[in-house]
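So, here's a batch of structures to check.
The same subunit A turns up in both complexes below, where it pairs with subunit B and then with subunit C.
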Partner chain A sequence: MNFLLEKQLNLLDYALASLWRRKLKNLGIMSVFAGVICLVASFQFLTASLTATAQDLLAEAPEIVVQQMSAGRQEALPLSYLSSLEELNGVRTVAPRIWGYYFSEISGANYTVLAVDPSVMPKGDRLFQAVEGQLPSGPGEAVLGSGVAADLKLAGRRSFSLFRPDLTLKPMQMVGVFKPDTDLLTADLIYTTPDAARDLFAIPADHCTDLCVYVANPREIGTIAKKISVILPGTRVLTRPQISQTYRVVFGWRSGFASICLLSALAAFVILAWDKASGLSAEEKREIAILKVLGWQTGDILLLRCWESLIAAGLAWLLGCTAAYLHVFWLGGALFKPVMLGWSVIHPQLRLLPVVSTADLLLIFTMSVVPYLAATVIPAWRAAITPPDAAIR
Partner chain B sequence: MADSVDMIVLDSVSKIYNRGRLNEVTALHEVSLAVASGSMVCLRGASGSGKSTLLSIIGCVIPPSSGRAIIAGKPLSRLPDRFLTIHRRSHIGFIFQQFNVLPELTVLDNVTLPLLPLGVGPAERRRRGGELLAGLGIDHRASFPAGQISGGELQRVAIARALINDPPIILADEPTAHLDSKLSREFMATMAELKRGGKTIVIASHDSLVTDSPDLDRIINVKDGRIDVS
Partner chain C sequence: MFLSIWSLALTFCGAIALFLVAVAARTGWRVLRHWDPASDDSLQISLESETWLASTLVEYGLALQILSLLLFILAADQFSQVIAGAMCATGSLMADPYGMPTLYVKLAGVFLYGFWLLLHQLDIRVETYPLVRIKFIYLLVLLPFLLADVTLQTLFIAGLKPDIITSCCSVVFAEAGPDSGNLMGILPNELMLAVYYLAILGLAMVGILLLYGGWVERFRTLLISVYTLGWFGFFFLALTVITAIISCYIYAMPNHRCPFCIIKPEYHYIGLGIYATLIGGAFFGSSIGVAALIGRRPDLTRPVARYRRVAIKISLSLLAVFTILSSYHYLRYLFVGGE
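Right after this comes the complex of A and B.
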């Protein structure tokens, strides 16, 4: 066998035996390290999964949403805009929508109220496919997100009431609920008919809050959005890529913030490892000195320490990432979901899509294993370049 | 002063520790000596006399601060650590006062430690280590952890380890300090046998069982870092 390969195998064999000799100490370090890696990896996986889940759910959302703006705030827009949008080349269909928020003073939760006529929506919209029960059609009928249904404490009842702006009660009837796998977008949602929503928010009958524009060719989204801005000045034109980007930014920001906190923990661990390794025990120093006297080069000792650290840190990385996978995709990221999804009263209970990229794994490896290697190998190098005569007498 | 058959030649060798600092110590003062190939000599002196430092320089563990050291034909004075190590592992076998075995490793693993960075495979390591242990009569202890065997057996493990690379020079630092008189005689008998096999042996000791050995070719007295010729 090749000399260099045989030498590496010998050093690897010795490193494994060496780790086993100090198994209690090494197991302790590996457990703490795996725990820290698990926390960092959980955030990374959770961010990737939430972004992927949101992108998946947004895949069939309207390509363009038009809203009326006045003094920098959104207000209802007239349905008369509809015809001018439908005339634009490349527009498949335009659906008026009412989208608003209802604050429940009883629970302190904010519900999202959405109303759109299914007959004018393109076939196959996943919002309608995600309904268990019926779609709302009669007066006051609504489909509720799981969070709203729980928050209203209906307990088997189907009827409930919401307050209009003038504090009169608007009677409603639950005719269905959204499936749990759409929770990220529907947990706080009340989906009802346009007439019911107008009644609830006191919006005039010939107005809506926004217009959903569906485009035939996705490549023309940007061009059509620009045209809409020109023909309807004073409106805000949002494209689906912009909304997707917003989700990415929101999750990315939260993940970044949390990662900074966790990286501090990782840094603390590496400093601890450095401190521990730089204060090599007398036994470890003696072993290095013996190996040196017996003809081991400084490089051989560094290679040995590299193997030891790589095995310990690599195992910790493997354990940490596996634990993070189980935590995020089996336990739903229970520890961190509140941070990533916000601290709202109504919490999405979605099942996360398992998304783990090689880049994420490599990033975690680089952030954790490499600093640990440096923290343990450099002190060993310092011990190895010290003349060994004193230590072996 | 160097002879063509001298295995070890030191010429005005000095060793100064912590040079230029407040705690500067001169361990050796211009020591000159030569040891012929195939001979057995003893460095005799009290603790702190400089024997171990002299042995460390001969063993290529530390370079001299000044002077010339030629070990197995190679001048070492200016060699960097990397080349000192290469020369050491191919030419020097060490036997330490404390034996310096790793107690958690087996006897065989201790003996074959010097072979690991040389890329010698496990089968060959077992063969060479086994032969040496059998020659020293402790092959039955090969798989025992070194921490569980007796002092005499440890000494033989240390000898086997020193011989594993078949070096021409054997250095022993106070090798009988932890042995009773019977084991000390056995140790000297083993050294005498190695000498007859052509090894050059340098023993640092102040044990009379060593210094009185008839197998010694020469005794070099070391006192206060100098060769004492009185």
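Right after this comes the complex of A and C.
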């Protein structure tokens, strides 16, 4: 046993020295390889991170959201639906929600305006924990996200105005700011009272944007959703598991599609590796011949080559994964984010949570190191069977 | 569901393994037709060097097979997130008729490739290469096997659709009742555990007898067959016990029985350790029978005897680690109590 281990260690030692002797060639191959791995890994990390972020955000989302559809577009929904939903067995509460986007022409930013009565939301009584100041209660009062507060340049003032659709001014009063640790969700948010939001968006008093249905037992979500779509035809009923699964499918599909595109890069690299490994220089041939004269067997030389490939590919894999980590979590996946999220010009800020699982690393290993090893084994054998006399002569 | 990076990686792995083993099989074919140890012409010399290539390629194939087994289970676990009703690998594997057969074929593959490598290692220990023919006939049989593996896996991936509704492990491995059609829990748990630990004890005793009991020379063949068949039987017994009894203790949930969830990071990957030691132990344990079958040739007696000692030592150590890993949660529950 000891002897076997010692043999492998000696081979490893020799392989490292041999890689170092041809450092220019090997470093060149390794950096190209690391680049390819970085591309593949970036997609994988980005997918994992976006999926995790989406799941995190959805964890506290209402179980069912009911939206009114008209001619395939979402519309305001009459509050009269409320009573028929509350009667359903298993429904805990129904909270009407008014929300929309407000485009600020001065800064070019998009604010999210949201209004729900905290008294009808489960855990609504804990909302104040996220706010410095008060919750909105009077007419025109609002809590601002830190991004919005900075964008409005209030400079100590508490009152500001927003434009209604008919360009008249809607006076608002800032009564609080969301705490900085909720930035991920609230940076672009204006949280106000339902009346103020209706006034701002010119939504009739007996209408809202959608209804959030909270269900007591998560196993009943599907059944209740079905009942709602029977009671209220013409509405769109979205369940939380549906949304979560859709995110996964979409992200998975997009990353799969992107990986297929990257396969060509990988294939090109594998051909390069094959080519590099096949074209032996006279010096390399002489080295193998000398080793054979010294008593090395074909198997030993194959093993040596295998070690060399494994070290080169393993290092490139480490390098590529590290680069991908930096790219995705420091630079926000700048290169590929549009592919994964869509092409919309204005997007809510999204800071990616670092999520790297062992399974992902193994996956990247399979996609990169395995083809490299496979591409170099046959050339390595060709080199290993060089008859010593032919090479030394 | 080909448009997932997991399916791509699996397909990629399968294609590479197929390519490597096909190249090795080509060598095998040439060797079978032209091998002549007495000759020293250039064809024979090139064939001798080609056997090196074939063995290296099969070694790669084995490594790939182990990797693809792991990858397959992890991929099934990932797919479960997008398949309605699936909560772990069980769900995705049951979602398609080819799921479980693929897993069995992949598992069998680890043993079959391993046995080939064993033949090869024994063969090159003897100057006359006595096993060349057997080895390469075996290799030619491996090729269709691998083809079946890749085909099943491709059919599995092709058949998976995110909108199929499947059952999760809580349904598939639930306690057998009058109306459930599963085979788990034929015996009561206490009896199963008793049989399990007796089997471990029995295997260890036979192994130690084979190693140190000089006086049992007369029964050696019998003991070797008992050890080999014992490991095969124990392999299936252990899988059943892990699924039906031990997994509940790992999850600390009396009704959660699943052989796949224990591989997840939530349980500190303990499943990987359990399965690696079990498969490794079963391989080395049962391989001494395979070695004994060919050890009857006089020139192979010594290498086979040497291999047997090493293999028994390895399988016994793996058995010990496996026993510790698989019993840890159960014993913890017995002595420290539930979580």
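The rule is short, and it goes like this: the second predicted complex is superposed on the first by the 237 of 393 C-alpha atoms of A that agree within 3 Å, B and C clash if a C-alpha of one lies under 4 Å from a C-alpha of the other, contacts with A are read in each partner's own complex, and residues count from 1 in each chain.
The rule is short, and it goes like this: a residue touches a chain if its C-beta (ideal position, glycine included) is under 8 Å from a C-beta of that chain, and two chains touch if they have at least 3 such contacts.
Computed from a predicted structure; not experimentally measured.
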Looking at A:7, would you say it contacts subunit B, subunit C, both, or neither? Reply first, second, both or neither. first
Which of subunit B and subunit C A:17 touches, first, second, both or neither: first
Partner chain(s) touched by A:359 [first = subunit B, second = subunit C, both, neither]: second
Figure out whether A:156 sits in contact with subunit B (first) or subunit C (second), or with both, or with neither. neither
Quick one: is A:290 in contact with subunit B, with subunit C, with both, or with neither? Answer first, second, both or neither. first
For A:367, select first, second, both or neither according to whether it touches subunit B, subunit C, the two together, or no partner. second
Name the contact category of A:298: first (subunit B only), second (subunit C only), both, or neither. both
By the touch definition at the top of the document, which applies to A:233: first (subunit B), second (subunit C), both, or neither? neither
Using the superposition on chain A described above, determine whether A:385 touches subunit B (first), subunit C (second), both, or neither. both
Both subunit B and subunit C touch subunit A at residues 298-299, 385
Could you list, by residue number, the parts of subunit A that touch subunit B in their complex? 1, 3-7, 10-11, 13-14, 17, 21, 286-287, 290-300, 385, 387-389, 392-393
Which residues, counting only subunit B, touch subunit A once they are in their complex? 52-53, 56, 59, 61-62, 81-82, 85-86, 88-90, 94, 96-98, 100, 102, 104-105, 109, 113-122, 161, 165, 173
Residue positions on subunit C within touch of subunit A in the complex are 2-9, 12-13, 16, 19-20, 23, 49, 52-53, 56-57, 60, 64, 67-68, 70-71, 74, 77-78, 81-82, 84, 124, 162, 265, 269
Where on subunit A does subunit C make contact in their complex? 43-44, 47, 245, 248-249, 252-253, 255-257, 259-260, 263, 298-299, 302, 306, 357-359, 362-363, 366-367, 370-371, 373-374, 377-378, 381, 384-385
